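Quick notes on the structure that follows.
Each chain gets a letter, A, B, C and D, in the order it is written, and its residues are counted from 1.
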Amino acid sequence: MLDLAIFGAGRIGSVHGRDAAQQPGARLKYIVDPIASEGRAKLVAETGAQIVDAATVFSDMDVAGVIVASSTDTHAKLILDAVAARKPIFCEKPISLDFATVLKVAEAVEASGVACMLGFQRRYDPSFKAVRNRIASGAAGNLEQIVMHTRDPAPPQVSYVERSGGMFRDQAIHDFDQARYLTGEEIATVYAVGGSMIDPAIGAAGDIDCAMIVLTTVSGKLVSMNNQRRAPFGYDQRLEAFCAKEAFFIDNHARDTVTVGSAAGYTSAPPMNYFIERFADAYRAEMETFVAMITHGAPSLANIRDGVEAQRLAEAAIVSLKTGLPVGVDREWRPA
Amino acid sequence: MLDLAIFGAGRIGSVHGRDAAQQPGARLKYIVDPIASEGRAKLVAETGAQIVDAATVFSDMDVAGVIVASSTDTHAKLILDAVAARKPIFCEKPISLDFATVLKVAEAVEASGVACMLGFQRRYDPSFKAVRNRIASGAAGNLEQIVMHTRDPAPPQVSYVERSGGMFRDQAIHDFDQARYLTGEEIATVYAVGGSMIDPAIGAAGDIDCAMIVLTTVSGKLVSMNNQRRAPFGYDQRLEAFCAKEAFFIDNHARDTVTVGSAAGYTSAPPMNYFIERFADAYRAEMETFVAMITHGAPSLANIRDGVEAQRLAEAAIVSLKTGLPVGVDREWRPA
Amino acid sequence: MLDLAIFGAGRIGSVHGRDAAQQPGARLKYIVDPIASEGRAKLVAETGAQIVDAATVFSDMDVAGVIVASSTDTHAKLILDAVAARKPIFCEKPISLDFATVLKVAEAVEASGVACMLGFQRRYDPSFKAVRNRIASGAAGNLEQIVMHTRDPAPPQVSYVERSGGMFRDQAIHDFDQARYLTGEEIATVYAVGGSMIDPAIGAAGDIDCAMIVLTTVSGKLVSMNNQRRAPFGYDQRLEAFCAKEAFFIDNHARDTVTVGSAAGYTSAPPMNYFIERFADAYRAEMETFVAMITHGAPSLANIRDGVEAQRLAEAAIVSLKTGLPVGVDREWRPA
Amino acid sequence: MLDLAIFGAGRIGSVHGRDAAQQPGARLKYIVDPIASEGRAKLVAETGAQIVDAATVFSDMDVAGVIVASSTDTHAKLILDAVAARKPIFCEKPISLDFATVLKVAEAVEASGVACMLGFQRRYDPSFKAVRNRIASGAAGNLEQIVMHTRDPAPPQVSYVERSGGMFRDQAIHDFDQARYLTGEEIATVYAVGGSMIDPAIGAAGDIDCAMIVLTTVSGKLVSMNNQRRAPFGYDQRLEAFCAKEAFFIDNHARDTVTVGSAAGYTSAPPMNYFIERFADAYRAEMETFVAMITHGAPSLANIRDGVEAQRLAEAAIVSLKTGLPVGVDREWRPA
């Protein structure tokens, strides 16, 4: 029996904890979360895990892997502690809101040889994965353009916005990651425009809620990102990819498959609300991969380096937004 | 220049008259319609045709073909007159509401050798035609089931119902024709259920407004017809065909291609209203075929025999509805 | 902790067993299945249940409910044993292939007052349930027509066909149930046509693989069933309902939401294969309801009477198919 | 009878000529096209127009309006000649490939008071028009983002590319126009990236075949344009608009409404090929508007100033592409 521990029993932690516990041959032994929430109690009930402190986890020789799903400000230290304890890591993005810390943590992980998976769950979604694999196979012809849409169902509360690192680091980071994943290339230029059009309080907090970003890859492929903090119809998570011989359209997942025909026309259900539902399969696949990575060294679809590079693009987008100019990026680039 | 004449300048007559006039190398020389309507005036203005009486049409040696789009009670005589004048005929369905007359007219046409096309326009629709041809080619595998949906956008006025011959002869006749056209077989049994659920005045007039009909072909293929005099979303004209290797779904034609996403979900446009718009291409193709039939003997997709057989099925359905029993039909069957 | 026992650890038994074990406050204590299959082993591993014999289940005072998911020929006896032990029952359909036995068992259940839920899972599917509730609310206007499509992804093996009771008792029974559930009425007439067009071996075994059935309800509503043992594109499970003000279209559930655009047009994914995947939510909801029925007498959506009535319609359809005539049914009707 | 004249009897000239001739109360009196093509002969046959030279058109007092659909290099002079003859003008875009000439011609038109309609046909398409009007009504809430897709079905020949003025002036100009039309605002910044990925010969000719352009309006609305000279599935002409309360999706127009279900999934028809078919309704509406503009001064949806402003954005995009920097634009901006 493979023993796992999770840090954080909030919304996403509960998903990972439950999925981890349901992996054949694995169990969730420990939960580290100092706050006695309803979610934590539920996770305990469902998994039989014990509430302990971090030291217990890292000193228990039986713990074969740790899942970091606590608040962002704790990620860097937990990763470094896990590296010190030589425990394989699954970490939710982002690594840190401070890019210098991101780089430092990534270097430590890479130097240690401890396996570290990043929680870019979209890479594990059957639809996104199928499109990526088809493109990578060459059967669709040369990839020329990608257009992504990411819109939250409703704007987050300002208290969340304030500690989120901003829309680019918090929400768009998944799209930056997809740009690299789907093109199979590094990004060469980043240009971002945007502003606060949805909730003035978000603007007052120094963040934006609407943005468009254009990326070019080193070979000249074109990527368009269209991000908002609200869509009128709910959670919008779509992608279009245009290759020479095939184009791909990944649509939203509808809540049900009923269409109503009336004098108003045909009405069908809005998308699932929210990422927990939409990406339930992807989250399960992440834990399956994490267990496979621990037990027999299976490769993950996203590692700490992918976390670094996606965040580098978010940092570049922030610079572009401020300066009004495109930013050229490479492995050495970092914000001034 | 090929000279054509039309009987009837009402709704469907105006469509045929205009389409005939726009055929390259053809013109509409005469319109026969005793009622000075706005539609007749418009058709004259658009085509330059002259208003004349029937005798003028039949005695003019230059008239190369006649289009019968007048009221149903005039069809039989006009066909017989055209046969006598040896002028190729395009006739709107039905030939007559009286089946004995239908048989008599068909026999006269067939004995004469005068070409006679029946206005089953659905055979000329690009979608229905493509499905029929694909099935006939054998590429889709053996055809097993057909399911048709025909629903008017709104129930007709009772005055129309009273002279229509009833829903089976008036509306469902197109579906009976499609059953023969798509299966490429004659029908062996007819079973109909139905009643008046939409407009009590239709029931009071002795007709029905909702029906389901099941047909079997001589080889055992199964056909389902689902007919109503109203659909909540507008004109419903769909078909599903299930073969061994491929299934076909012919959908309605939407008024536009805009989808609106809101908190209520996604709403798209209702179907085109009504058959004049939905089958505009098919009506044009009918006149193109009629001209080709006249000029070089090109075959039509529906002749007077198809009109007889579709109506025989309507008559059998009427008997089935009355008796509550299925009716076995063949070339000799006729209502008692 | 609510203790449950399951009979049968095959395909559907595994689904119910797992779902039962995951109900909060419930556990699967016993599995009764004499055959040491891989599925049984997996179910034991996932639920921690013990393999026991039937006597142990019925004599254990702690067993609060039994799930009957064993082969059809065992259902009747297990239900009667559960009634004798006064244990609430969840039973997969059908109750028995012999209608006299069905009636006898139902009478025993009803006389005993022991709660008995029937496994018509489609009633628990969010889409079917939403449509049914909307219709029942009256907001959609009077229901006039229902058109159902049920097609298996591939024809069953002849060995299965031989012990299935035939396509009407085995597959179409769900549609018969839906006809009653959605119209909220009893059925008055049944007319069936069909034959073996897909696999001659099915015909040789005395069954059919294609059928169309028309039902009328006591108030005159019309229902069309279109059943096949294979669809070229996979599992076909759709429903259309036409009311005065709204029409409802329940579509298949696609395997993913990717569309590929190429010179051939747009291609999207086939339906989920098969009912285990398509109705996963419905199966979970069944067990949730079963637990609620046991713990606080919550009503189920389908009871043993619904099982009787659906099967009566299957029996009537068999008679109609044989005689070529419609069959009038009521609460007293039974096959000769 | 309103007499109209057309310059150019090529592909688009034939469409306009035929549509003009079919306007009630109007006729096409003259065609000016020095090349004796099949298209010109067909247009003469269909409309009864005479082939004449330009001088005849401008000196004929009866000519109430002129349609300029000849090659781009003739537009400027024909507009100025029409202004001199005080004849209302319908002109295909672009006015000229030389922006200084565009400005000069526009100033002459505006000073003269002669009505001049620009051929931005997308403004007349029922779907685009409906979306624009809904947004303009305010009912959808504040417009925040527009995402457009324009892809030709196949790359043009290099000979066409060489005289086209480049992809931005030739193809993307319609999208620039839509950006202004739908937002109801002027554009403040233009940023373009792109290259030749589809046909190296296009790159060798100094043009590009793939581009992404981001615009911001003066109030900060965001617009994304995704342009290519080829889509694998045919002509791609879509738009998405995101407002606070409603989002709009304008889809392609399919060639037919047949879906084929097979083991490969569901396949539906590719889009209509090409703009002549896709925008047939819009072209008709343009001529209807042109006639209404002549007869009673009805406003057109696009005038010469709209031509200037769309082309200004194309010029700015060319500068952005060359410099790699965004370009700030206003009414005074012009390329160096």
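One rule holds for everything that comes next: a residue touches a chain if its C-beta (ideal position, glycine included) is under 8 Å from a C-beta of that chain, and two chains touch if they have at least 3 such contacts.
No experiment lies behind these values; they were computed from the predicted model shown.
Novice: If every chain is reduced to the average of its C-alpha atoms, which one ends up farthest from chain B?
Specialist: Of all the other chains, the one whose centre lies farthest from chain B is A.
Novice: Consider the two chain pairs C-D and B-D; indicate the one with the greater count of contacting C-beta pairs.
Specialist: Spelling it out, more C-beta pairs touch across B-D than across the other pair.
Novice: Just the number, please: Cα centre separation of chain B and chain D in whole Å.
Specialist: 40
Novice: Just give me the whole-number Å value for how far the CA centre of chain C lies from that of chain D.
Specialist: Computed from C-alpha means, the inter-chain centre distance equals 58 Å.
Novice: Touching two or more other chains, which residues of chain C qualify?
Specialist: Residues 231-233, 245-247, 261-263.
Novice: Can you tell me which positions in chain D touch chain B when the two form their complex?
Specialist: Result: residues 24, 45, 126-127, 130-131, 245-253, 255-263 of chain D touch chain B.
Novice: Which chain A residues qualify as touching chain D in the complex?
Specialist: 141-142, 144-145, 147, 149, 151, 189, 191, 193-195, 197-198, 210-212, 214, 216, 220-224, 226, 228, 230-233, 240, 242-247, 324-326
Novice: Which residues, counting only chain B, touch chain A once they are in their complex?
Specialist: Per the touch definition, chain B meets chain A at residues 231-234, 261-270.
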